[in-house]
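Two complexes follow with chain A in common, the first pairing it with chain B and the second with chain C.
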Partner chain A sequence: MSTITRIAREEWRLWLRSRVVVAAALIVAVLIAATSMLTAGRIADEQSQRTQQQIAAEQTFFAQPDRHPHRMVHYGHYAFRPPPPLAVFEPGVDAVTGQSIFLEGHRQNTAMFADTKAAADLGGFAALTPASLYQLLLPLLLIVLGHAMFLRERESGTLAVMLAQGQSGTKLALGKAAALLAVIAIFMVPLVFVAVYSISLGESALAAGSMVAGYFVYLCIWGAIVLAASILLKQRSVSLGALIFVWLFAALIVPRFAINASSAAIDAPGKIESDLVMLAEQRKLGDGHNAADPAFMQLQAEVLEQYEVETIEELPINWRGVVASYSEAELTDLLNSYAEERMGLEASQSRIFGLFGLASPTIAISSASRTLAGTDLATHHRFLRESEALRFGFVQALNEKHATELDYAADINRNADAEASRRARVNASAWQVLDEFRFEPDGADARLERALLSFVILLAWLTAAGGIVYGAARRVRL
Partner chain B sequence: MTSPLEARSLVLVREGNTVLDGVSFTAEQGEIFALLGGNGAGKSSTLLTFLGFLDPSGGEVLVNGTSVTSDIAAARNAIAYLPEAASLYGHMTAYENLDYFLDLAGKSASKDEIDAALDRVALPQEARTRRLQSYSKGMRQKTAIALALLRETPILLLDEPTSGLDPVAIDEFHDLVKTLAEGGQTVLMVTHDVYGACQVADRVGLLRHGKLVGSFAAENGKRIDTETVHAAFAERQAV
Partner chain C sequence: MVRNLIRETRFLAKDRGAIFWLFLAFLLSVVAVSFGVAEVREQRETIAALLEEDAADRANALEGQEDWGSAAYYAFHLTYAPPSDFAFAAMGQRDSSPWKHRVRMLALEGQIHEADTRNADFGLVGRFDFAFLAASVAPLLLILLLYDLRASERTMRRHDLLVATAGSPRSLWLPRALVRVAALALLLLIPLWIGTLIEGAAMGLALQATAIMVGSLLIWWLIVDLVSRVDASPSILLTSLIGLWLALAIVIPAVSKAAIEAGNPVPDGGEILLLQRETVNDAWDLPKEATMEPFVERHPELADHTEIEEGFEWKWYYAFQQVGDQVTEPLVEEYRDVRLARDRQAGTASLLSPMSMVERAFEQLAETDARSMIAYEDRVRDYHADLRAFYYPLMFPEEPYDSELLDDLPSYTPAS
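And then the complex of A and B:
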């Protein structure tokens, strides 16, 4: 057995014989195991439910009877975002952004059904996720285990005896580092299990492996910080206090400050504020339900000229359907421009927040974690864009049916009597225009590419912390 | 012939204070040399320079003729060091402590060899599988001595070795040190115990404010006269 391994083994012997350490480690282990199982079960349920709900929504849409096509535009449809497999470890922004959208004509609704109800049902316990435990709790455990690794030897005089046996400070530090590394390796086991489970749910091995590697690097950073404090500081209480402060700073203070700073740097109005501002511009576009709205006079002239007729009654197509289609396209352009602007601002805020990883490895790992899991803001934005494309697609397809399959005269007289109403319907087979929607996260390559900056920041942290440990270990004195 | 331990005009300045000021002495093979002095005289600092834990500000210290600063590893391999607190791990048994520290020193010993060393220091059999946190100071000291025995180094450095021991344990300890010296080990011990130093040492150096101010040697097979040394110690302390 090498000297480094022997030093690590003896550190473990001390920990295993300390009730406090064993109790702390057990509490963390149980918490991780319980949280992983609860989260995995919950996410697996949600994944199954949302997929089923998506299918059910489509079947319900298809099963609608013969109707006026514009009634189907307002009947609407749902788009669901099932949690990706790695959400069993990192639910990410899922709980706050909402997971489904009601799609209907003339509107871009906000995503809804965030998970707060589920969290409340479990007395808030669901708010604890495996990812948050790895990001916040495990560094604390490393602090408890390692804050006195060197100081204990120095204070008890055993450091002198160890060095007097011919060992260098570097070897002692490597031995202590190996002991912490073994702790980290053991606590990686639950994450490895979760990663394997996510692969069984369809996740790519590259993304799952990168997640494991990212957290390993993150915990190694904390291990190095803890070891450096233990070597450089002179008293156990000072070391513990300093490390707790660093933990508070990195895990709680900087992230909160980063949120405020990114919000202050880029003022992004919420959806409701955007909608209010947008209303004025929306009115200028005209009311798509009123084909006689002056806003459509230009369109009317162009269409009449195109079909070489004098009146809308002479048109071979339904003028009201043409107006609905034109109005929807104009409105969607406006809605999209606001949505893109808002998402751009949110993405910029997210980038600024990510740069705070330079001040806190916890931010770097949380950014990388959400991105790799496909539960980040960028994935949510893609869901919004894809669900909007779905909405626009089926609304315009229905408007097309309105324009081409429904007689204008029957349409304008649809409220005359029951028979008139029946004549202003199209066959239910027309509802097949709805595309099947199955939201998938980006491929592993794309997610890894997005997480690259966070990984670079994490590696920079590890290099810096490791360098400090090495430099301090070379100068170990009694 | 090269002395196992030699200090040449050793000067040590720490945080602006002169701890050692031109100290010179040698300790020969099989000799017990005691550095006697009060608190803050620089005794422990002298030991630590031989281990390379403190770098001399002037002069040099040599172990087996080689400067410690030029080859710390060689010095530490030649020396067994017994710190004042007999610093070993309280959460380990005597067997575990000895096995671990021997491993760190690059040595190995069988259980029989460890038992033989513990027999020599008279550590009770029943205590050997108990954790050291339940040991008395004397028992810890014996375990630490056993480590020194097992390392089989030619040089032994002892820092206040009898501090906190009862009279019987002190006598046992002195006997053991004498036996080691008779076996050829060079022993440098620092102590403020005048009586103990005179009982066990072949030579006694008197250290005062970092300077070696007196030296006494046993002659004609007699121990060093305690009264003489005590008088010199008390006089110097009063200065």
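And then the complex of A and C:
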């Protein structure tokens, strides 16, 4: 064991003497620290801002005066998605999707005002996050540090001496691996801090711990790739060039290529496109504003029979409210089926993207990290679903008030004069039907389950890269 | 000189490492251009299909309408920004900003911020398009091709001999590097030129794109040349060059972006929506004059037709929709101005980073930059104003409804 530590310590001594290495490590450390603090501050602001906006939206809704209930259906409500605690490390798709959505009757709106829409455009890498530094920059640092670890012994002739002394290649490789592992461990410290901070914000220890573990495995994969190259290749510059190629490929090219490929493989129609198809169908359902629409004749017959009366005027409930509620339910079914189809297609695109993790560990870790942080596409989709449930909930509750608390005769005469319009209102206490909405990330287990495939891919990478190092180290000759 | 170049070309043909990087460059360029062309086709097909379905839907919606108000309420109109002939090279903001809307004559602010964008993962990761290849990957390939020209000869211990026998160092290193830079530029550009031909983009665009590409490679050549004059081992040279690449590709853009965005805060988009919504909704409970007065200020020509006698009239309804837009104007203008200001400053800041500069230049050529997306939004606003200008003179004087007049509904024309 002491040989291994001695080899590792020697490696560290050399690194500390090299100005290039020390400078590179310091720059990366400063970048990580600065980005983490900036991101943490920004996310904390957004978190409190959105939570306050959500509360304010609820209070204004409750504070509306006596009104016709259908007016409140159109007055609408907002749903906000505050960033989850781990977003301080991995903001994920939140910047692209927009995080607030307007909810009203008869419509499903999109999330609006994405940050990227108003962002200063400085090219592909300008949106720096702690996660992207771990994904892109740290592997590069490991390459700079480690590309000649083993080669150096070969070049200086010390490899021959050590082998002659009876040290095995495996032991030598273990020593080098220990040295790199120490570097990785040091650079895990900022992430551990961020993870602990996120736990203090209410994140589950399981999710935060898995995040740390995931990045540790990821960096170990890169450590193993670097070590393997330095054992297998015989020239410093070749080893460095080859490793930079691997990095270029895994970190820059494959992820973007995977986006192109998944977009080409599955054509997910936009909302406007699927809305147009849907509108044709919707017209068959009738317009909920017009209770005399022929599509409602059958409904009318059923309701009249149920209450055993002849005309809608005799109904104990307000026929217009019944129609509004019925058509909202029908329409929502239709809207949801199209929305589900669209989200399903997007989810399959993202699954294809995730499978490219087999070609690049960077994709595997970035998918895992977004999922664990709760800033992935699936969480955005859940936000859309939950805000839709919120929308349907208050719209139908208002329609129910419309049907039960507003007299039909008063309702149809509401435009006659000011007094009639005043009579066609319900008491503002009815607005309390709105549910409180606080968007929460999935439970840690659910997120972990979703990230499982990416984790398996990462472990496969580690096994493969580790296997190559082991095989190469065993066969070390002069 | 020509003889030197021929000699160096022969050397290059035997350098397996260099051939590999050059082949990779060509392959990546082919991939980037073909995905770009395919994506642009798909977007064009989408637009063509949308146009057809939109017209059918509108015809359907207008059928059987009996007054101007309902016609305007039920008829939606497609607006869109078609991809330019050069968009295949730089998809730019088209993945994160919406380029299609369906609007009607209701308050525009409730409609124009709808974002019918693609899968959010696309906007987050970005596409592998030619702009990305040219801006970020090409410099790395150039570094890998050039960094050890001198150092490898030093390692082989031929450096001093070569310099001594070459007459002047220039006749030795210049042709060697020139051949590599030229080969890289050609291999990157040939697929782009072919793409330009397929898409039928203007020759001028291809020339400008070529100039940007070549200019960026020349800058990087200069950087590599200056750094590799240092008498250090090839791996230290490569490390320093990669460090420089990182600083220029990641650090400077990220710092500038953070500074620009902090210096130009955008108004909260939610506020725009909220204000518009509150205004429109409050109008139902306010006396009719409260809506009609600010409306008439904008439309004095309709002043004689703004008496609202009944509890509900379409004129009043559309008037408060418009007043909702009027109230948010200052906020909307600020939002737009800040976006433009950020973009302007990003343009200045990009002078510090060749990568940002190249990517922005390509987006400008392809009309997929922030400015073009804002220009599209302006067109939507203009079109919406046209709709109002069409309906108001019919609706307010209460001209009898005539569905044939609807044939003259303004149609949206995208920028050519």
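Just so we're on the same page, the second predicted complex is superposed on the first by the 465 of 478 C-alpha atoms of A that agree within 3 Å, B and C clash if a C-alpha of one lies under 4 Å from a C-alpha of the other, contacts with A are read in each partner's own complex, and residues count from 1 in each chain.
Throughout what follows, a contact is a pair of C-beta atoms (placed from the backbone, for glycine too) under 8 Å apart; a residue touches a chain by one contact, two chains touch by 3 or more.
This structure is a prediction, so every number in the text was calculated from the model and none was measured.
**Student:** Scan A:V161 for contacts with chain B and chain C and give back first, second, both or neither.
**Tutor:** In the superposed model, A:V161 contacts chain B only, not chain C.
**Student:** Just checking: does A:R477 make contact with chain B only, chain C only, both, or neither of them? Give me first, second, both or neither.
**Tutor:** In the superposition, A:R477 contacts chain B only.
**Student:** Quick one: classify A:N415 as touching chain B (first), chain C (second), both or neither.
**Tutor:** Only chain C is touched by A:N415; chain B is not.
**Student:** Should A:T3 be classified as contacting the first partner (chain B), the second (chain C), both, or neither?
**Tutor:** Touch partner of A:T3: chain B, not chain C.
**Student:** If you tally the residues of chain A touched by each partner, is the higher count for chain B or for chain C?
**Tutor:** More residues of chain A are touched by C.
**Student:** In the superposed arrangement, does A:A63 touch chain B (first), chain C (second), both or neither?
**Tutor:** neither
**Student:** With the touch criterion stated at the top, can you tell me which chain A residues are shared between the chain B interface and the chain C interface?
**Tutor:** none
**Student:** In the complex formed with chain A, which residues of chain B make contact?
**Tutor:** 48, 51, 53, 73, 76-77, 79-81, 83-85, 87-92, 96, 100-101, 103-106, 151
**Student:** How about chain A: which of its residues touch chain C in the complex?
**Tutor:** By the definition above, chain A touches chain C via 20, 24, 27, 31, 35, 38, 53, 65, 67, 71, 74-76, 78, 80, 92-93, 95-98, 100, 102, 109-114, 116-128, 136-137, 140, 144, 147-148, 236-241, 244-245, 248, 252-253, 255-260, 262-264, 267-273, 275-277, 279-280, 283, 346, 349-350, 353, 366, 377, 380, 414-417, 420-421.
**Student:** Can you list the chain A residues touching chain B in their complex?
**Tutor:** Residues 1, 3, 6-7, 10, 13-14, 17-18, 156-158, 160-167, 477-478 of chain A touch chain B in their complex.
**Student:** Please name which positions on chain C make contact with chain A in the complex.
**Tutor:** Those in contact with chain A are residues 17, 24, 28, 31, 35, 38-39, 42, 46, 49-50, 53-54, 56-57, 60-61, 78, 92-93, 96-97, 100-102, 110, 113-128, 132, 135-137, 140, 144, 148, 151-152, 155, 233-236, 238-240, 242-243, 246, 249-251, 253-254, 256-258, 260-261, 264, 266, 268-270, 273-274, 277, 281, 284-285, 310-312, 335, 338-339, 342-343, 345-346, 349-350, 353, 355-356, 359-360, 363, 369-370, 373.
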